[in-house]
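As written, the chain order gives the labels A, B, C and D, with residue 1 at the start of each chain.
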């Protein structure tokens, strides 16, 4: 399923929205203006954008601790997102969730998650609903290479394949779980090798190439919607920032050379070159997109900063329905 | 006054099964999932006949994947269904505590109230069946400490059916902690659908000298103890909490204000058990009425032993309650 | 690694020891003379015998709820085993464990286990010790097809492969987890397909053929002892009794025809025919083996029945060291 | 009198790291395993320098597999090693409660005493760092209810080092529940190896009007509260339990017999928290000495909120203790 020109522009827009939001969020975090732990998505934009271009708000996703990118690609509004990161009453979670629990049920985004590996079983539940109600909705679960070692991933993958649920398992393999390289957390190179053990196809794709992601996801989602069951899609990618924040704890667990190698394959730069070549989006047009988004990001930050903190009287609200 | 209802004798397990049938009949979006709940009808018989009645789309055998099962419930509930999931033995909660504690219990709050999780979790607790350390525990203390969950623990067939139905209609995750040694107990159960309200205790026996606060199977031990005490002229009130979270603090406090003495009884290990919460609430709220410390009876501090004589020695029971009552009343 | 004649007789003996013990234990359970739940190993004897023939008491195993067979094959004594099943003070666990927790540290048997899937992570720990101490010991973990869907199996397999531990993962695929057929609990036919996802070899063997099991296990254990890491060995087998006890709950989850098909391939009958053909053990000699073992079993039962129940004063012993 | 020892100021995290170094130096069979404990030295810095000092055979990065990690410890301990494992956040116990509760805690008993499990489990609890609902919990109530486990919760650098060393020498599984908001706190710590005995409370401050029983970070809040109360003429005794399982019942009871009033304080959610056990023990054993009910302070019944103002409102603290103390003394 090749993306048409509009789709290409749409994917580009989603990637840039993530990049600008995350870069600015990173600055705010480093400046101590956002509290708590921020896990930023910069470098991995092609994955969220390429996949979410196939989904509507009726489809569900589960995310990870690194969840802003997924929510933005799914349609998240900057103002309410920043408000949540700042812990304001106007945030998507009324300030109760923060970065690690950012979510929006109306957009079908079932939450970032502070627990590595907790998402896949929840996505299986959403896919179960899609099938139970005889809809053609799908549920996509994002998780990291590190998360693929949690038992929860295993149980969820097995159940999804067993019930032929309309689910897509997206492993964002960025080569590290925190500060531990993949070679030090699993004896395999391709997480997709795990798919056969559940009876589902395993597909590997260049996670820096949004078109490749889009096409592979399209095929898998078609299969899922047709009732043929889930797919494990492994996207080889890289995070450009540290595990937490931008510079993180300053540990030397990966080399500058490695980072630079990957940065040469920046998913947005590569994509923009391609779009320019194809005549779909000129460099000037791309710059305009960036500028427009930056303005929206700045407005979002302002909205957040001017929003009230939650009323302490709401402390015990929403524990129960 | 309650209106007259048609009732008949049913076993505890029969009442559970009837509740499951009732819930699936009443709610299109309700389904039952768990290990061996469909083809086998549940290893305790809790879901007998359910597969035949409602089909494999709504009565679902799962792999042995407790974390997956709870996750399935969380995801299905968040997207509009009303799952009833079975965790065969409460002891297996260790395999799915993350999805219970960090996802199911917290999702609504973390999401600022935008998600609802109408989930019923059915599980079996308790010893006395020579099942040893990993199939006999009463671990309700773990889940009662988790904001976002409700927990009920029916002692009778009537309450089992009524609380399962109430749980299924509640828009929150509700644990129904059943007791495996009670499965063959019988009692009057209405034929129709009904709710036992979550959060309301039941006074099993009125009395004036002493209040025994308890729940689940220990209600029967407490009643037996109360009868034995009555023969010695000690008149005990027995309160069956039924609901552990929320807890009917008012009912226990009112009773103790009347009797001036309380014993809390549960089968769970005493140290760190829910009895500490109950006893603390009583002494906090009825301190001036107490003529003696609030006593607690629970199992001693060891895993559940296998050998029948050891297990019987381990379990709280009527004689232990009688002894504690007499000590409390200084009558021995 | 072909078994020599002594080894063949040894394997035979181990199988018959299991068969006779379990058959008699089953009768006692059905007669209500053994309390609690007994999960019997009849039908699967070739697996335990073929593998344990390679192990010494220095090697470790973890077992399952269906653990008597493993302990017997590892050298368990009938008297202390029956005493444990009866809940007597002379039992291997002083009556505190019973069938589901039967164990003997001196024999390297780290316990039957009431929790499906709990064994593999523990075996990884034992294999870790073997490697840490630079020994050539191994750790073997037995688990069922049903258990292969627990997250604990997944995490353990990944860790064992990652650290190249001297471990052997033995899946006793008897086609059912309780009353649920394999096709209803996983979308794969061969659990061995999961091995590749951890970076270890997956081997399938006829679990009714003790020689085949012996040979496959021999190769895997050699690999393990040589520091080359774990193997997943799937043994296709069948249990002749119900999930619990002999007749169990009387559910009709499998057909008589299926049972009979498998009984035609009774691992002991097939093996005895083979040994007779090879001239290693005549039918008369085999019968003598059975008789001798039956006498030992009966003596074990008598020992157990005459043993005292545990003193109630020991109730709180051994909670702590 | 204790002999003079060479001490110097160390941070809480520095004391943890020093303990880890000490243990590996002293015990050949001890190793440290966990997520990012080796290359990164622990995400909190608890194991800084350990990999360089002891090599990758003894300082081991694991996959993100908590159940596997605890299982590794159980198997390694049962076969003769003395594992120290790290569960990064206590909140992640949900991923490994089975190996904790059903294997580690029970193996020795189930096996009739034939196995020993000398395991130290190091983990971080507590809020106050804007980490929200899944990274801020105090779940010690779960593990204190499990026969077979010991649990300690040091408040100071001195006790952190001494309790980790004591845990490592104990032949039982010992949880060391550390507090992440205390990492930069400083205190005097002996250079040498030493044990803080497991099961012994410490009287932080002597007083005559009121006993505050607490542990972990709340010790500092209690001390602050006691100072504030002292200015108003209320003289509080502060007891730092340090060890939660076993618990120094004697120390708390003796203190309450002297002061006649008690407040129990912990950061964990109040309902079902360990405070119920503590308060119950006090009223059971010192009933006749009590001039008022034993009060309990814990967090309110909700998950930990993210927003800083909400989180601060949620956390127990000195002002809340002061208010409770005054209420107890009827002085307001």
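Please note the rule applied: a contact is a pair of C-beta atoms (placed from the backbone, for glycine too) under 8 Å apart; a residue touches a chain by one contact, two chains touch by 3 or more.
On a predicted model such as this, the values are computed, not experimentally measured, just so you know.
Undergrad: Name the chain whose C-alpha centroid is farthest from the C-alpha centroid of chain A.
TA: Most distant chain from chain A: C.
Undergrad: Can you work out the whole-Å distance between the CA centroids of chain A and chain D?
TA: Computed value for the inter-centroid distance: 36 Å.
Undergrad: Between chain A and chain C, tell me the centre distance in angstrom, where each centre is the average of that chain's C-alpha atoms.
TA: The separation of the two C-alpha centroids amounts to 45 Å.
Undergrad: How many angstrom lie between the CA centroids of chain C and chain D, rounded to a whole number?
TA: Once rounded, the distance between the two centres reads 41 Å.
Undergrad: Considering chain D alone, which of its residues make contact with at least two other chains?
TA: 62-63, 65, 67-68, 91-92, 94-95, 98-99, 102, 109-110, 132-134, 147-148, 301-303, 305-306
Undergrad: Can you list the chain C residues in contact with two or more other chains?
TA: Those would be 93, 95-97, 101, 113-115, 149-152, 155, 158, 162, 184-186, 319.
Undergrad: Pick one for the touching-chains graph, please: line, ring, star, complete, other.
TA: Shape = complete; every chain linked to every other.
Undergrad: Touching residues of chain D toward chain C in the complex: what are they?
TA: 31, 57, 60, 62-63, 65, 67-68, 70-81, 83, 98-99, 102-103, 107-118, 147-148, 150, 171-172
Undergrad: Which residues of chain A touch chain C once you look at their complex with the stated criterion?
TA: 149-155, 158, 161-162, 164, 184-188, 193-200, 229
Undergrad: Within their complex, state which residues of chain A touch chain D.
TA: Touching chain D from chain A are residues 35-37, 87-88, 93, 95-98, 100-101, 113-117, 146-147, 149-152, 177-180, 184-186, 249, 251, 253, 309-310, 312, 314-316, 319.
Undergrad: Under the definition above, what is the set of chain A residues touching chain B in their complex?
TA: So the residues of chain A touching chain B come out as 60, 62, 91-97, 101, 103-106, 110-111, 113-115, 118, 120-130, 132-133, 139, 151-152, 155-156, 158-159, 162-163, 317-321.
Undergrad: Give every residue of chain D touching chain A within the complex, in rising order.
TA: Where chain D meets chain A, its residues are 35-36, 39-40, 43, 61-68, 91-92, 94-95, 129-135, 300-303, 305-310, 313-314.
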